[in-house]
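Both complexes below contain chain A, partnered by chain B and then by chain C.
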Partner chain A sequence: MNELAVNARVVRALGMRSIRQTFRRPQLMAPILIFPTLLLAIQTGGAGGAVHLEGFPPVQSFLQFMLAGAMMQSLMLAGNSGGIALAVDIEMGFTDRLFTAPIPRYTIVLGRLAGTAALGLFASVWFLAIGLIFGAEIHSGVPGVLIAMVLVTATAMAVGGIGAAIALRTGSASVVQGLFPLVLVLLFLSSAFFPNDLMIQPAKAIAEYNPLSLVVEGIRGPIIADVDLGELGAAVLAIAGIVALGLLLSARALRHRLRVG
Partner chain B sequence: MESAAQPPEWRTNLATIGALMARAKNELLRVPGAAIPGVLAPTIFFLGLNGVFGALTQLRGFTTGSYESFIVPVSMLQGAGFTGAAAGVNLARDIEQGWIDRLLVSPAPRWVLLAGNVLAASARALIPATFVLTIAFLLGASWPGVDGLLVTYFMVAAMAAVAACWGSALALRFKSQSAAPLMQAGMMALILTTTAYAPLALLQPWMKSVAEVNPVTQVIDAARQGFVTGVSWTETWPGLLALLALLAILGAWALREMRRTAA
Partner chain C sequence: MPAIVVEGLERSFDEVLAVQGVDLEVAEGEIYGFLGPNGAGKTTTVRMLTTLLLPTGGRATVAGHDVVGQARAVRASIGVALQEAALDPLMTGRELIRLQATLQGLPSAAGRERADQLLERVDLEEAADRRVGTYSGGMQRRLDLAAALVHEPRVLFLDEPTTGLDPVSRKTIWEEVRALNEDGTTVFLTTQYLEEADQLADNVAIIDRGRIVAEGTPDALKTEIGNPHIQLQLAEGSIAKAEEVCARVGRLLPPVDGRTVLVEVPDGAADIPRVVRALDDAGIAVDSLELVRPTLDDVFVAKTGHHLEKEREDDEPEAVEA
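Right, the complex of A and B next:
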């Protein structure tokens, strides 16, 4: 078997392990699915009248508008949970055992990220299903569904890279867990839950420059309207930027971890 | 030789409740970082919701032009919900570590043990509430008046007691900190499926139906009145009644679980 195939098997095995870990522990699944679903229901029911505001983009319903925000919240928390799980592995010595195994170091991080990506994919299916069940239309049909799923999965992996970097750097699950509020701050300061033009300053100004706004617009675009290649390209670029940042931070953190043990 | 007179039972019970509250206070003083999530979460929600949904006040039928004033009592109650749920998580930790077993073999009545945990949560909830309120005033929230402020703080403390009863009952039922998401999600759902985001008339039909039967809607309306209109007994008593009912039901459940644990 060639080296690439062996490494792919390692990544797959570690990815499956991280998925099983998440599904076995309800306390890990709760932030990824239950909280975003609860918030989606509450915000849709509580602030649904917002669609009547002047300047609100034409949408079929507020639920249709909010689906992208719920997916973003879920994938961000999946990335954070992946970081927590990696930090727990470090605390318990599991990562040290992997470091001594004859496998490339990057497969350890990639295995974790594969698990996070799978959770992102699951979250996208979950929220699209919820949307469809409760009457939201996917405006651009099957291509829109596929675009949303791909973007959510890729963003989960990208955000997971940053979570993994922090886990590798600190080796502490409680530090990574402490980032949970930051995830909410980043989301509130993006157009995840409301159109940027209708937000209040200074949140509006920050959201304009927040790369997560580009990602969420890319996911939302095909759900509420036709596919817009410009919007899609901006989302892909933003995700690529987050991936690059995650890779850079992970590589540096991995070197640090190997040095300090 | 004559033995010293025993203090009356009520005084012993009060002393036990005081000791349990002091223990909770010591936890807070020794690990100040532990209070940060409880303070941070409602503050982030307040700032986030205000920045995101602030334009909702432009909708016809909205009862105030200041979303900060409208949402701040909700964030204060949310802080109370988080704090109460945290009391449940702490109790689950005490069960896991065997501390509760030791308390249960003491001659203290069960309700006293529960009251210590619940009242500590009520007192602790005033910290996030004050923090959020300060931020809200800095952002321009209306002054609710002394009576409005007192009503809001009373509602916050009582809501924390409700949340602590809920958290304690779950902790005693599951005997594990793994139940923490259920404690928090339950309180979040209870507080937010109300008139939290918008007045009743502007809610979506399904949410309106839920909010109309959710007793916490009355609590939120009572806590909010000073910030949006003015304090009146008509707006206050339904909130008090709702809290009393919630405390009676959830307190009885928590007590039942404690008796089951001791059996």
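Right, the complex of A and C next:
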């Protein structure tokens, strides 16, 4: 077996472990599915009339609009949970087992991210299914579903990279867990839960430059309208930027961990 | 070719020099005991030799590979069971060994077969599909050891493998270490238990405050420091007076507590009557008196001026099997 295939097996094995770990530890699973589902239900039930506001984009229903936000919340928390799980691994010494194996160290991070991506994929299927069950239409049909699934999966992996970098740098689950409120702040300062045009300053300006808004609009676009390649391209670029940042920070954090032990 | 060669190895953390110029050589196929109290630099040394930590000075090779420049080749040659068993409580024992097999590059079928063999070897077949979090401390250590053996490593690092275990579990680990060594595996064993080093190691290095203070076979080290000592427990009265009397017969060793006097005597058992008479003449009552042949703790005392066993007791909470 060539080295690439061996490394791919390692990434798959570590990714599978990461998924099992999430499903076996309810406190990691709850933020990924239960909280965003509850928030989706509360917001849809309580603020559904917002679709009639002037400046609200044309949508079939508030649920249709909110699906992208729920998926974003879920994937952000999946990335955060992945970081927490990695930090727990560091705290209990499990990463020492990985660091003493004859594998490239990037496979350790990629394995964790593969698991986070799989959870992102699962979340996208979950929320699209909820949307369809409760009457939301996916405007651009199957291509829209596929685009949403791919973007959510890729973003989960990208955000997971940032979580992994923080976990590797600090080695502390409580520090990564402490970022939970920041994740929500970043989301609320994007167009995840409310259209940018209806926001007031300074939130509006922040949301406009928040890369998460670009990702949200990329996911939401094919759900509420036809596929817009410009919107899609912007989302892909934003995800690529987050991936690059996550990989850079993770590589630096890995080197730091080796220096300090 | 030696299995491990260490030359002037150093590691500092900010201003603290945790390992200060360690030199040692471990022959292929031997059990090498690395003995020292908590904080002596044992684990830091092991972490450098297992490529988990970069040295800040000196060099080391393991299985002929440099631990800095050829770290991946080192990792392919070693098995590691660290001080805190590096286990995921949410995995089953079988999942962990299979994951380890994948990490070591074994094909799937070979990994499954090897996992079954190792779980049987460490007597964990029945618990193999239970989550590791439900295992006792002894079972976790055995699983950790099994995981370290997946790829039949040339050199096995065991960092305090029996700390916190009950005597039965400790003996089981010892038997497994001996069996591995008989199969030709070189074992680098750190421990703070004198008996463990005495029982298992072909050669011992004693490390204290980051420096090697003695090295050799356990017998040679004990012979080097020479004489046996008399250990006597006072029934009552001042230890200072008893020490004054005993000092006339032999050389006083540092006391271990407020009731025990240790005095090194040149002629062993023949000196007991002299000590008894001297104490009796001084009116000092004694609860018990025992002739103790040199141990590795005596070697430790001779080389460092303090007791290893006492430091361990002071530093550690009571060791209890989970």
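In the analysis below, the second predicted complex is superposed on the first by the 261 of 261 C-alpha atoms of A that agree within 3 Å, B and C clash if a C-alpha of one lies under 4 Å from a C-alpha of the other, contacts with A are read in each partner's own complex, and residues count from 1 in each chain.
The rule is simple: a contact is a pair of C-beta atoms (placed from the backbone, for glycine too) under 8 Å apart; a residue touches a chain by one contact, two chains touch by 3 or more.
Computed from a predicted model, the values in this text were never measured in an experiment.
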Clash-or-fit label for the pair chain B, chain C on chain A: fit
Chain B versus chain C as contact partner of A:259, first or second or both or neither: second
Partner chain(s) touched by A:43 [first = chain B, second = chain C, both, neither]: first
Which of chain B and chain C A:13 touches, first, second, both or neither: second
First (chain B), second (chain C), both or neither touched by A:132: neither
Which superposed partner A:244 touches (first chain B, second chain C, both, neither): neither
Which superposed partner A:31 touches (first chain B, second chain C, both, neither): first
Which partner, chain B or chain C, touches more chain A residues: B
Superposition-derived minimum Cα distance between chain C and chain B (Å): 14
Set of chain A residues, in rising order, touched by both chain B and chain C: 25
Touching residues (chain side chain A, partner chain C) in the complex: 1, 6, 9-10, 13-14, 17, 20-21, 24-25, 89, 92-104, 258-261
Contacting residues of chain A [partner chain B, same complex]: 25-27, 30-31, 34-35, 38, 42-50, 52-54, 62, 178, 180-181, 184-185, 187-189, 193-194, 198-200, 202-204
Chain B to chain A touching residues, read off their complex: 37, 40-41, 44-45, 47-56, 58-59, 67, 178, 180-182, 185, 188-189, 192-193, 196-198, 202-204, 206-207, 210
Touching residues (chain side chain C, partner chain A) in the complex: 13, 44, 47, 50-54, 72-73, 75-76, 78, 80, 82, 84-91, 95, 99-100, 102-105, 107, 131, 147
